[in-house]
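For reference, chains read A, B, C and D in written order, and residue numbers begin at 1 within each chain.
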């Protein structure tokens, strides 16, 4: 049951609704509707007398199981990371090395991606590795270097957190907490990042349905943190030519089902350097609110994910083309004229 | 083995190579390299004395198993259907109803998609249906109506052929022969369409690897028909929310591996009307040479595939936005200035 | 609508039902229910007056779309190939080389698999190959050799047919027609084998759902041929370590949904020699009515599918263990005592 | 590099090897080879002088990346849970409710599965649920009830642990720690259970390759815990008719690649009650060392997983048939005679 309160509803109505839900043993969750009013999601049915309170504009009996993440009755959300807005009209670019390798390397990389147009710096301090014998990241030292790179470039920082006990220390250094694909259904971790005040980048599990992904977002939202950004990063497919199959269908589909912003990771999503640029552009054309890209000065020397890492020059081209593409789609009238003009020349 | 002949190689060299291959029991295939020279693919190794002939520019010992479809040593191909070029700079739009339903409906649909920007008319006369009891198309009557619609609109016509014995009659009416996803590995059918002089639209099998798809194209090319266009139309995925998962990774990947043009079918590829437009645009951003879209005046009354069919108005928007998008990507300098201008306004 | 006729129903009732269906433009299909009565499937609804005829025992308004293949109201079917019954209590063993390589090789292989317990000889004369340049089988000469091997060993022969125009010639030589995985949805071919009086082995498409597989069987049944055996042969999975993923779930599931017999192909189903024996036994434990296994005297020299081919000795072990396993499952009481005895010894 | 020590190698050799590995910055892991000798796995190459030590029987330069889990140079392992041996000749049966619902229900269920032949009691105290609003288990109270059920029936207990901080408390009550499918790549959790002295049941991630699964086992082994049992529990497939696709290929494949025992979960693996029995038997025929089955007195009233839960009567039949099947496969000679006898009667 979702109860809509009018903007003028008295505070006592909200209190009474939450109280009634609790008394009935139900979960009740207040949430802004993004249009000035409030919604109260209730995981069950309240009695009619409660629903007679002043300021109740509507009662919807059925809704998606991810009642807080659902687009129903909601405007799209904008999530703010430092000064950067994700979900507004302008697509956001996150970029940086797979893993923080050292101070000099990171600072150089950060400056390079900044110059290429990046808004947010990515980099792994704690790395989930398939092999227990592989390099697992610099840990807290990596977090410190990320913070230093933020000071040097002005970009906010996103980095992965792998277990509940790491959340506090990562949240101390990072501006945004990343939950990786392998942890999308790590429910204790979701609850724990949901209890912080840091925005969360929730990657889709590589074999998760879109609705399971939204249920994982719901864990974070239901724990009190409303700043969740979804990230499509490739699913497991049957063709061994690619490490993963970037599923761009998930972008318009998720945006149809949820009010949360959605970005795309063409690096992990394909595992192949030559596909990063075209799939990044395709993600933006499909409606993504941004990209996250693995970048290294000399990709072949990257300590991990070398095959899917691009240079700062490629990032700059993605940035420039991405903005052009979105401007063309957004600004139909102006561009239409422009197109006519260029087509006359081209054809 | 691939042998490159210089543009000035004498005709006797080509003859001698093919003769030597045949004498050795090997398949030998001449093919233009798209840059003025010739290549001869040989499915095995010729002896050194043959390779000493005048005009042989280079000999490549290893190559992809799809030697005629491979991009190695080749320029991208352009396939001509009537007056329409597929694979040139301008993306091509194929559109029309899933199935030819009747004369009046088809003519109306053809005029509507033409007005919306379509270059080629699609429509099913022979329909593969999962159920033996479902409507299987109008057959030859459908072919006649398609030909009439071509006369009325000037658009060439593409339609599916399902079995070897139908190839002649379909080729008599249609400008392009479509091999459907379920028939991608129907090798007798591939050989048969390869023996015609009609261009072929080869849909990817919905569980075929990209290299299997290219091997199927190779069957057509090796049978003597060099006019093959590939079409990504969605693969089978694990999320039941979509009928198919449009695999846009296949677009830049195929274009990296083959010289053949590649188009995208966002209708079958998603099975969901709301995804057709964003995935069509994403396909163009990923580098597709065109689109094929199911369109009906009143999609909910379409005799098949209603859930994935869009209106002519949506097609017109795809056309307009698609051209704008490609112009933006192509014309970096001009658009860059334009983008700066619109971004100043928008942000 | 499915109409059940009692065993004593007059012939005029069946005639009247079929006539009424035809008059209403509906498909009407008579079928034995396997228990002495008849069913009439109608792809739509007949009027009540027709349903008042003498001898009509019941009318079922809803049913599966594969009304002839469905298990609803039917006893399991037994399909006879020569003297061999498929679907009876005793599992059937089909075995032989991937492809007919020559006279001596085939006769030796046929005698070896016969000695190892095979009931039916398999072998490819027309082979679907991914590459147009690969060996495509001996064709009609292969059919003649198969017929000769039948004479020599007494085993009936199953072999693949790839296109409608081949059906007559293959049916002339073979006892059972195989429709391969890549042709499961080749509807013209299904109709054509449905018009013969030869039993058909219908392999599951490697990305077909179980219900799509049954719809393909329905094409054959609806064309007049009631002797269809289903074969699970592996689906496409995400783990590149195996060529295919044998989906044994499909065995009990299909047997729950259809009256048709179901066998298992552990050779194509895994693509890995070491897995053929355990997966063959697992298939029988899951309830399969038989197996089809690729066997070669010297598997590493087989002209195709070498990696998944086993020796006659392995086949003999599969046969012996398979019978023991099924006897143990069938004969609960006897074996229970036996088990107690052997367990006392073993533990 | 894997170094084999002969049974008579002096302890100083082992010490020296481990010391040299550490000095070189390499991981060195001693492991019994299951045949009386020792192996030392080194994640890199030691110098030749070290490899000249007395008692070194062989040096293998290349090996699988999961060097401790690998079958190379090892005998199969037996893992002991209480008095129950997993990996010996007799298949082990784990059974119980999806989730501990209450004291009376659990004790009744435990006695029922014990009477039906179960060796180990399963039951969830901490439950991973897709929805944050679903029942999440009784937690520590559930652990206490499981311990009580162990006292009442004599069966050891296996239950899931979801996060590192829960490991100590779960290990205090349970005899075996289960790592669920969604946590297969939760590396901090794997390290943490690897630091206990409790055997671990490691479920395969539902989209994990077999080698990724073994790498996850390697995390536990490399953390010092050698008692790992693998469990195949179904992977994500493309056919929506089943919740998951039980991948029995993984059983013989894993047993070929690792010395660890492998069991099968036909309940989660299919999600369909009617498939539990045939797929359980198929799992045993494929070579599984045991089964884990969800059982409830009245499955339709189970608080979770009702659709895949069977009654104690079905469990008893699985037990009886499973033993008969394995006896038949094991005891070839005796059963062969018996089979002949029963076949004479049956046919």
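Rule of thumb we're sticking to: a contact is a pair of C-beta atoms (placed from the backbone, for glycine too) under 8 Å apart; a residue touches a chain by one contact, two chains touch by 3 or more.
As the structure is a prediction and not an experimental result, all values here were calculated from the model.
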Shared interface partners, meaning chains that touch subunit B and subunit D: A, C
Pair with more cross-chain C-beta pairs in contact, given A-C and A-D: A-D
Far-end chain from subunit B, centres as C-alpha averages: D
Mean-CA-position distance for subunit D and subunit A (Å): 36
Centre-of-Cα separation between subunit C and subunit A, whole angstrom: 49
Touching two or more other chains - residue numbers and ranges from subunit B: 207, 236-238, 240
Overall pattern in which the protein chains touch one another (line/ring/star/complete/other): complete
For the subunit D and subunit C complex, residues of the former touching the latter: 89-90, 207, 209-211, 235, 237-242, 245-249, 251-253, 256, 270, 272, 274-275, 278-279, 281-287, 320-321, 323-325, 327-332, 334-336, 338-339, 342-343, 346-347
Touch list for subunit B against partner subunit C, complex: 27, 43, 65, 128-133, 162-166, 182-183, 185-189, 191, 206-207, 212, 215, 218-219, 222-223, 236
Residue numbers on subunit C that touch subunit A, as the complex places them: 207, 236-238, 240
